[in-house]
């Protein structure tokens, strides 16, 4: 019943918001829903740990949760809670300034729960077909969210997002069908085979190799597009920079990882069927390429949010490459990295949101410097977040990145480690340069802007993830660690 | 360790007196070679006496560094002298510092003299100390290297040890490396004592002077101390040159006879060296300031060559 | 069920599939929007027909359901929707594509060949008509090319839909009985919603940019 | 121990962020105390002469199985801990009043917090016993260092310097990570214990690669030429107490790391390691001092001198490595002692000089020496401390700089005999360059002290300058005392180094270094060379009576009066007539013109003939050849390439679709 409730909760919230009139109620419903959702997610991961390793299924195996999905569920819950907290002051202010109409306001609060629900369905669905449907649903909700502001740029971003995403999804569907067909090819024509991942995995070795290869390639390109792997990433900076900040946070914080998750499911199948050679190296190659490509764009970036988007690109690349190396340490590191990144990135997007609402631009040259003076709180949190995502201690991304690279070294991927390090350093240089230029400097330099008016909500929304990040860096509960290790084991095909 | 006081006192006295005599001698000979009668050999004593009795004028811009310099110049060169074997092969205080200490002490004196030159805010002082320091910055390493050359052969940086080592059989006088080192050392000597191709102690022509420019503001007993210190330094360097390159006749065991002999030898060597210096001064013209570094870097290179060669042909 | 029925069925399927491909090629060179939409409708109809044949030949009823869905969704509803759009924004003529007709024909041909190359080595799946798979892949590839080549927002939507047709064709052709009904229905639902969303976007773009030329959407860069 | 002290200080600083007086008092007080405790701990450890590492321990509950935060204190760590704590203590005392200058302008609480944090992580670096803890501390050091440097971030110069520093130190972290991972690859364990003597197990190529990586990494932090560019940029702009800390402690972490990996981990060194380090040291020493000579920014000048001294330290290390290779552990120990001795000396006198410079800058509000002067009268104590520091750094007897360079010379001289390969040439050449360096350093500090403190004030600010606040003077006094003690009692100090040499070279040679029951410092044997700074001082004192006797005898009746400096009969001297710093170093500039390539531009306005100029403006800039030839071109290249790549994302959706399509096609073609 647990999984169902996890799924239905946001759906219910969304529907309720569809009919609820007063705005306060909308906000309250969202907050409540996601808070409870977080509770349920925690409960889920406890139960998953409890029946150690064995997956937890419901509705006749329609829903299935193993360590990997439990971990993802947790991430989704946390990020969407943070986003919904931040959304309160953000949208209020937008409404007050007439940037969004009342209708769009409601639209946001209706769509966001559906968005979350879709992502939850992705991670909890057992059937690959259903998973695809869910991903598509996620895409559709998020498109409307991206287009929320209805400006030229946001429409353009939305269009690119939906068209590129649509292309990717069609390819992914194609791949999914091939997988299914591969199953049929072996299991005799006459019986209707199940489309469930667990069954497919069980009979993976007998699947038709050629079809599986074809399927994996199509899925890689397809879901890779959604996950923002270079060179299919081109929609990513547009969408992330044009969406309202809470949505950007959810997009880059989890929805990318959801796509990676979907990809991983196929990756596991392919590895089980074909032996991990091809799929691993493809993943590794795309990951490294993404990391390397992110660097130059960040070095000469003009727009704060786009820069953040590119840094997400880099982190996605890191995760994929880490999984591609397929050593126990690297995959564990990838899991760790997913978590830490999901905690760190939203903070930055929130800060960017504050800056945008204060100064109505995200262009570095227009912003000038001295934000440390004009909007100290945001500046402080932005700085901390930047420190975190650029992989500096005391924040966890340092640990996870180093874990991945070290894992690469002992599994004889020395060159990969070196390339990763180089890419990380380049990105760091870009981030440092831009962020330092933004925060430091005399405050009066930019036409005496009023000191920021920052509401407690957004402070909470920004400082909470950072606090958790710091906490989980230095004190990682054994239960979480076990969860991640099990997830890693699943990915490495040895559950 | 053996601190025999009489020896120390003797050498101190020797340094104090012989230094003045030596500079007097050189001045006299130069005069003679210029067909002048020149001042008597003991003229420096009289100068000193005069300076001591004069009143002093101290620049109003000068700070507490200004009076420090004369004492330091005097003391450093004097105590440097005590590290050098003059008559006895075992320098009285040789144990407490070798070549490095010697060079260091002289440098200390120069350091403060340069500061003293800067202190009274006159352009000349600054000019003088700038030039002095720059030139010595090249001269000093050259000297060190020259000494190192011997230090390696002797396996010690203590001057007395070098001299003693040279007494033992199997020590070849002036093998090529030593010859090179000697020439380098001699050039350094000219530079450090402000002799002619580098500097002209006799003139106060503002644009050419180096050493004198620093002393411009000093008067009375301060001037006396500085001059005295300078001449002691000159003596020390010449003795060093004489004794470690031609270590003959130094008293190895301590008897009056050997001491007398050593004293004579020392006098002889110094006279010869002084002669050479005078001849060089008479036959060369003073170099332009910015040609001097070339000369000194020649010395530096020679010394380095010497060092390298000891080390290759062994 | 008697083998020759199956045999004829598979022949029929092959025929229909190849006709779909031909329609696709026509789409690639046709420049009137309305005609494009109609071509697409026809193509979808053929798809439905294939589904019907399969369902009939193998007496797999839910495939018939799929066929029905296809007819409703892709032959009637979506074309109607799109045509309404076109009428609203009063643009019948396609904007000049990047590549002219012969070139695009050439490329489509090449893609089809590639599709056959990719599809050949797959054994044991040609129960339903030979080279249906190849056709499916070809549809997807050419559809993708169509997307790249056309400038109009609507045509891109159309191309996306034709790709989707190809996928469904594969779904029916490869998997004896189509996919589980739930999944099928879900996919249809998603596609319809997707097209509606796209429609909304096209409308808004039309309003803000006063044009349907998506190559004008290039403010966001770097 | 001192760790918690620093932590408390940091916390306190943040706690009292609003009340700046308390903040300053509390945080810097805590820092001083913890520095003191660290000093005591280190002294106790070294004094006990124990060679075995003491008190290993876990710092934090382990978070992930393979990540441990264990710490230990061994000879090497203890020595560097001593250096850090000594300086930390003095600087903290200094800061008590120095921080007052920020009241009202800046948040002193944050400043104190970062200050403590820097000390804390530096200490952690020295006691870390796992790769993880070391790297985390290392990176945090860069972070806090950056925050401190860009504390006064209003000036763009400061911001750029901070960014440069951070980028460089991030790059060096990258190199170090790679190096450590190469080790980890062999050992399979992250704890330092497992890395000891690992070099024996590694293949030669891998060892050399690791060494090269470490040399680059730690070299950047230590500021080896040509990796040093961040150093002269960052030191001047940082608050002076921070500059002192940076050049005293922060760049020493590079030395620490290099020593640690070369002696402990990478096992018996091949010849070329030692030679490389030795040559690198030589080059850094000479170029550092030459560039220092060209500076008229007081703090930049000091920064360049840090480079020079790092070079001298590295000469000791390099020689030691060579000796280890040649199999002369005793000589190795000797030159190691030379390096380490110079390390602490440099910490003492460079810290002192930076504090002095800080006091001067604080009271004249400029770093430009051309606008100072005459301060010896206005701030006599500061002048005295600075003078001591200057004498010490110029390696003049009887102070500590002389002692350590003396040992270095001895090591080099004795090295001449040892080896037979042609490489032995590096010893005499190194010796020569060291001599040159010392002499040039003396020139440079005559200039620094003379122009800054002597003669007439060259600006209004300098004329109105006042003496530094008491705690600042106390801080300087502490370091002055350190310089004097280190200079006068070398044999006593060398005894403290026994655990260190025991740990790294397996020999304890302090016994051979002291003769005449500790009065005289000998180089291994009494014959090989001896020096005794205390006796030299005594000698001077004993000879002092001579001039006084003469004075009493002859000059008792003379009078002394103050008069104007001789001005060639003009109407008084004006500061414009004084010798400037630029003028002072002009001869050197001309001698080394080939290296400096000064860029001059003169513009003269004249009425009728260029020879009667009404107004002449002359500018001479010297830009470092490495910046000119290496770094700037690199930067430009990177930016250009990035702009090229950026064109990939030009906004056309069709192009984007094409990317995906082509990827798909390629994969289909190649994977099938």
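A, B, C and D label the chains in the order they appear, each numbered from 1.
In the analysis below, a residue touches a chain if its C-beta (ideal position, glycine included) is under 8 Å from a C-beta of that chain, and two chains touch if they have at least 3 such contacts.
Please read all numbers here as calculations on a predicted model, not as lab measurements.
Undergrad: Give me the ID of the chain with the smallest distance between its Cα centroid and the all-protein Cα centroid.
TA: Most central by this criterion: D.
Undergrad: Which chains share more C-beta contacts than any other pair?
TA: The chain pair with the largest number of C-beta contacts is B-D.
Undergrad: Where the CA atoms of chain C average out and where those of chain D average out, how many Å apart are those spots?
TA: Their C-alpha centroids are separated by 71 Å.
Undergrad: For chain B versus chain D, what separation do you get between their C-alpha means, in angstrom?
TA: 35
Undergrad: What is the distance in Å between the mean C-alpha positions of chain A and chain C?
TA: Inter-chain centre distance comes to 31 Å.
Undergrad: Could you please state the distance in Å, as a whole number, between where the Cα atoms of chain A are centred and where those of chain D are centred?
TA: Centre-to-centre distance between chain A and chain D: 45 Å.
Undergrad: Going through chain D residue by residue, note those that touch at least 2 other chains and give them in order.
TA: 646, 649, 653, 657, 660, 664, 668, 672
Undergrad: Find every residue in chain C that makes contact with two or more other chains and list them.
TA: 118, 121, 144, 147, 214, 217-220, 222
Undergrad: Between which chains is there touch?
TA: Pairs flagged as touching, ordered by label: A-C, A-D, B-D, C-D.
Undergrad: Which of the residues in chain C end up touching chain A in this complex?
TA: It is residues 118, 121-125, 127, 140, 144, 147, 153, 156, 160, 163-164, 166-167, 170-171, 174-177, 179-180, 182-183, 186-187, 189-190, 193-194, 197-198, 200-201, 204-205, 208-209, 214, 217-220, 222 of chain C that touch chain A.
Undergrad: What residues on chain B touch chain D, complex-wise?
TA: 1, 12, 16, 49, 52-61, 63-65, 71, 74-76, 78-79, 82, 93, 95-98, 100-101, 104-105, 107-108, 110-111, 114-115, 118-123, 125-127, 129-131, 133-138, 140-141, 144-145, 148, 151-152, 155-158, 161, 216-217, 220-221, 225, 289-290, 293, 297, 300, 303-304, 307-308, 311
Undergrad: Any idea which chain C residues touch chain D in the complex?
TA: So the residues of chain C in touch with chain D come to 98, 114, 117-118, 121, 141, 144-145, 147-149, 151, 214-215, 217-222.
Undergrad: Can you list the residues on chain D that touch chain B in the complex?
TA: 373-374, 376-377, 380, 383, 387, 391, 394-397, 402, 406, 409-410, 413, 416-417, 424-425, 427-429, 431-432, 435-436, 438-440, 442-443, 445-447, 449-451, 453-456, 515-516, 519-520, 523, 526-532, 535-536, 539-540, 543-544, 546-547, 550-551, 554-555, 557-567, 573, 575, 577-579, 583-588, 590-591
Undergrad: In the complex of these two chains, what residues of chain A are touching chain D?
TA: Interface residues on the chain A side: 159-160, 163-164, 167-168, 171, 210, 213-214, 217-218, 220-221, 225, 231-232, 234-235, 237, 278, 282, 293, 295-297, 299-300, 329, 336, 369, 372, 387, 392-394, 398-399, 402-403, 405-406, 409-410, 414, 417-418, 421-422, 424-425, 428-429, 432-433, 436-437, 440-442, 473-476, 481.
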